[in-house]
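Two complexes, one shared chain (chain A), two partners (chain B, chain C).
Right, the complex of A and B next:
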């Protein structure tokens, strides 16, 4: 990887100018701020933290979706199953590890053992991504590109079925969860008691997104991934191996979803269909901001989380998916390509 | 350096090139001219690996590259500047150039080539932070040629660089190609601007309806009765 630091991506600045120039984006920014204030007044700091925890996680899930759609043109409906695999891996690595530490564990090892589960989930996710891409998408891509988006969509739905039922078959339908990763007292910040698990989950999503961002914008391989997203023919012309980039992208996306699942094991527990809700919210995010837009996916993750928390506080949890959906429909009516437009090839039949 | 032997090519069931044979020697500046739809771009797309040949053989430095993928051919030293340019429009000029040097792992070499390219196209240096998609047509052509040079190719395939450019920019683009040739780069140029092309190239092939109908030194091709009638309007 070359480290030519003089290259500054224009994406962040262009995003800021777009917020300034783009009316719907401006409206949404103001709207988000209002929601945040409402959440702060009605729920207090813990609810604000909750919003950021889910926002970070939806953003992390949505970044994976945006990557896979932007680079490979796959509408990925098995992304939730990567999340599911993450929860299981974390559960089956973390709980035996904790048991092995005994009844009076070394506090340092005990505090670090959740990370073992989360890192293992990331690794398993990466490998799973490579296998799925090589075994399923690469052969289809080599055979024909006609009707690709539809075919790829159907494949992901199939993968989703096989993986949820495969999980039921092998580990059973039971919920496997943990009450908490870090069994310590909540931290007090500004008089509010904040659960350590949630703080760490937010931290993990932030670090993972930052790493993905850094990888895409500051390394040679990351630049190649963006190049493939923008012009596949151009990428081949400069010597980029499409097969390698596609496999890498899918693996990266699967790994981030698995990390999200592992980091949220205490909230979600592991069961075969645990991935559905994260999948839906990740799709809300990418549809809201525009498919394949990674910077937008990060912002969108937090917007959706704000909507979700505000809905819970104002209308009860039953409405949690209704309100974001209504907002999404409204946004798509006003700005069909999403809030931040589309920076990708879009849905085009080759 | 490059040799096509009885090449057949086309899209799916539509064959466009029929039995095309041509060769480009090291250091030569060769033109491939002909009317719209003759198969000039198809020839370049086939050599660059974006299309696979239906028959015949493509030899680069004596080795067959028929079965090679586009990125492998690019890494072997053939750089293709397409008519559509295929720039990375949401990236800066500098990032486009760095991607042009994707196959070169040597950072020092990359910086050296970038400096050379900026010397050749000072306009690109002024605009290195600008997004490629926001530049004018002429600037984009220059960027595409510059990106093609970034991999230090031995052979450049350049498709219709003058298309859609205002006349003074056409001169600029042709001058940069001549400079490239002077640097020792072998060039196969596809053009519709027959007059100007025959002025600057060494040798020319005329492609009509997917077949080579004439070849020879550019000067004598220019004097030919058929060419004068059909292309030069004299």
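Right, the complex of A and C next:
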């Protein structure tokens, strides 16, 4: 523990100096503050709470994306499809479970049954990640590493294409959703009423991110993953099994996206292209903070959520993707490697 | 004597063909495509429609490959640029007073205006992606594509947004699909020949140099700015041009079916299965593909999306195991077959060389 206390002030000061020295970060901080004030004036506390809830979810999505890029150098275009799988698994586990509980269910079981759906989604996501990595990325990695970033990107595009259309093929194009997970009265926070579903979704994202963070920083395997992210050859030299680390990382990332999908089933009904919007927002986050930057992704999730909510309030919901996209185009122009910069290997490769 | 002149004529002819990017086999297949609409069963309307879609997809893949296969920047906003051309032409030709613009401009002019507008946006996109490399450039193009799609969706007073608009058709009603087929085939040829002439010139060399290693290209005196922007502009111009055909042939425009990223992915799949950096590979693959896919779609209607799954899986397999695609396979097979014929000759040649060195 003493270790942590000695480290924390140093990181805080370094963060502050970084903000002071880095003009884009400074601009974005001021901009976010303005957005927060605008949201506060136009929408009041409910909208601020909503912003935090969606911010948590975009952060969770973006962490998975950042992890996969940081460790494996894969710009993951099919991340939204992992989200989609999560929504489907949650739907197909939760609804039968609720039906099995009968018309007069035990309140404890009823309150816990959504978690069964969410955990199942996480498990299925993890298995799916293993399958995809073993089946698609491992063969390419073993064949050639030249032009890897672009090839991997196009492969994920293909995966996304297959998975969306595969979903249409197997479960059909219909919308499958639930009105709510927990049918209880909203909770009052700061004078605003917040649905329990949203609150729980926020906690799930927080807990999942914390678990991933703990895993990466406090376990041996997690350290190995970070070692591979820093220097693959070096990691291999000290005896880290690269294949295992890559499969694990991809599986972890897919699982987090699936959990996000399952936790948000009440907002996003399950249908083949449901992953598109989460994919867009996760990409906004990683482009904003720099590809492969996991810590930055958490902060970025909230900034993008601010932008999203402000757009919804100032324009209409149909502009929701347009305005953030235009802002991200500007960010890409002014700070191509993101706000916090990313020193990921292979990033400059053509 | 007589035989000799005939060979030189033949050689002159093949040299001419080569200049515009055709091998004798390719030229033969082109002639076949031209006469095919008169040969049963290809003279049926629905099969002609498939052939139109094949030519349309083929032309798109050529324009896409011009950027992806040469300067190695994957233009993820390609479908959005195509849609921009389609919408520009469609809006100009619109006669319904319910929309803001109802000028009723002839589609024959509108198509060119659409192409120019798309070309200008392509110029902008080229400039935006200038500083960016590889994945960043692709993501930038993707974001621009999303923004364009969203803007078209939101300009409901101009485009009717997601409801879709119905531009007038290019030719008079009741002419059938055959004239349209010749139009799109002609457009495909123009796209192919123009782009082939460009890539066969010094520009093509510069593109390849930039695509392989931008720093080395800059060091050897190639100005990447100029070539990349030029490449994007030309590719976008043709995308918009083809979009104009789409608008006035299919007669229905919605942002989701035209400008969506998945439409870019379809073109990308064809271009990659055909073979990166070959231009002609996409054309060779597009026709059989459209037939195959439409066959599946019309015969297995209870399995929606199967054809797209096959598309995607094939693309993944090609990318992992056979990155040079169909054109690479063709070159390899051609080398093998020609090798069989001239084996004795080359062996003799090799022994000559060896004795020379010895």
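One rule holds in what follows: the second predicted complex is superposed on the first by the 328 of 350 C-alpha atoms of A that agree within 3 Å, B and C clash if a C-alpha of one lies under 4 Å from a C-alpha of the other, contacts with A are read in each partner's own complex, and residues count from 1 in each chain.
Everything that follows uses one rule, which is that contacts are C-beta pairs under 8 Å (C-beta built on N, C-alpha and C of every residue); 3 or more make two chains touch, one makes a residue touch a chain.
Note that this is a predicted model, so its numbers are computed, not measured.
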item: Partner chain in contact with A:220 - chain B first, chain C second, else both or neither; value: first
item: First, second, both or neither for A:211, with chain B first and chain C second; value: neither
item: Touched partner set for A:330, first chain B, second chain C, both or neither; value: neither
item: Chain B versus chain C as contact partner of A:231, first or second or both or neither; value: first
item: Which superposed partner A:287 touches (first chain B, second chain C, both, neither); value: second
item: In the superposition, chain B vs chain C on chain A residues touched; value: C
item: Partner chain in contact with A:240 - chain B first, chain C second, else both or neither; value: first
item: Chain A-touching residues of chain C, taken from the complex the two chains share; value: 72, 74, 128, 131-136, 138-140, 143-144, 146-147, 150-151, 153-154, 211-214, 262, 265, 268-269, 272, 303-306, 308-309, 311-313, 315-316, 319-321, 323
item: Touch list for chain A against partner chain B, complex; value: 2-4, 6-11, 14, 220, 223-224, 226-227, 230-231, 233-242, 343
item: Residue numbers on chain B that touch chain A, as the complex places them; value: 48-50, 69-71, 74-75, 79-80, 82, 84-92, 94-95, 98-100, 102-103, 105, 107, 110-111, 129, 131, 147-148, 150-151
item: Residue ranges of chain A in contact with chain C within the complex; value: 75, 136, 139-140, 143-144, 149-151, 153-155, 157-162, 164-166, 168-169, 172-173, 272, 280, 283, 287, 291, 318-319, 321-322, 325-326, 328-329, 332-333, 336, 347-350
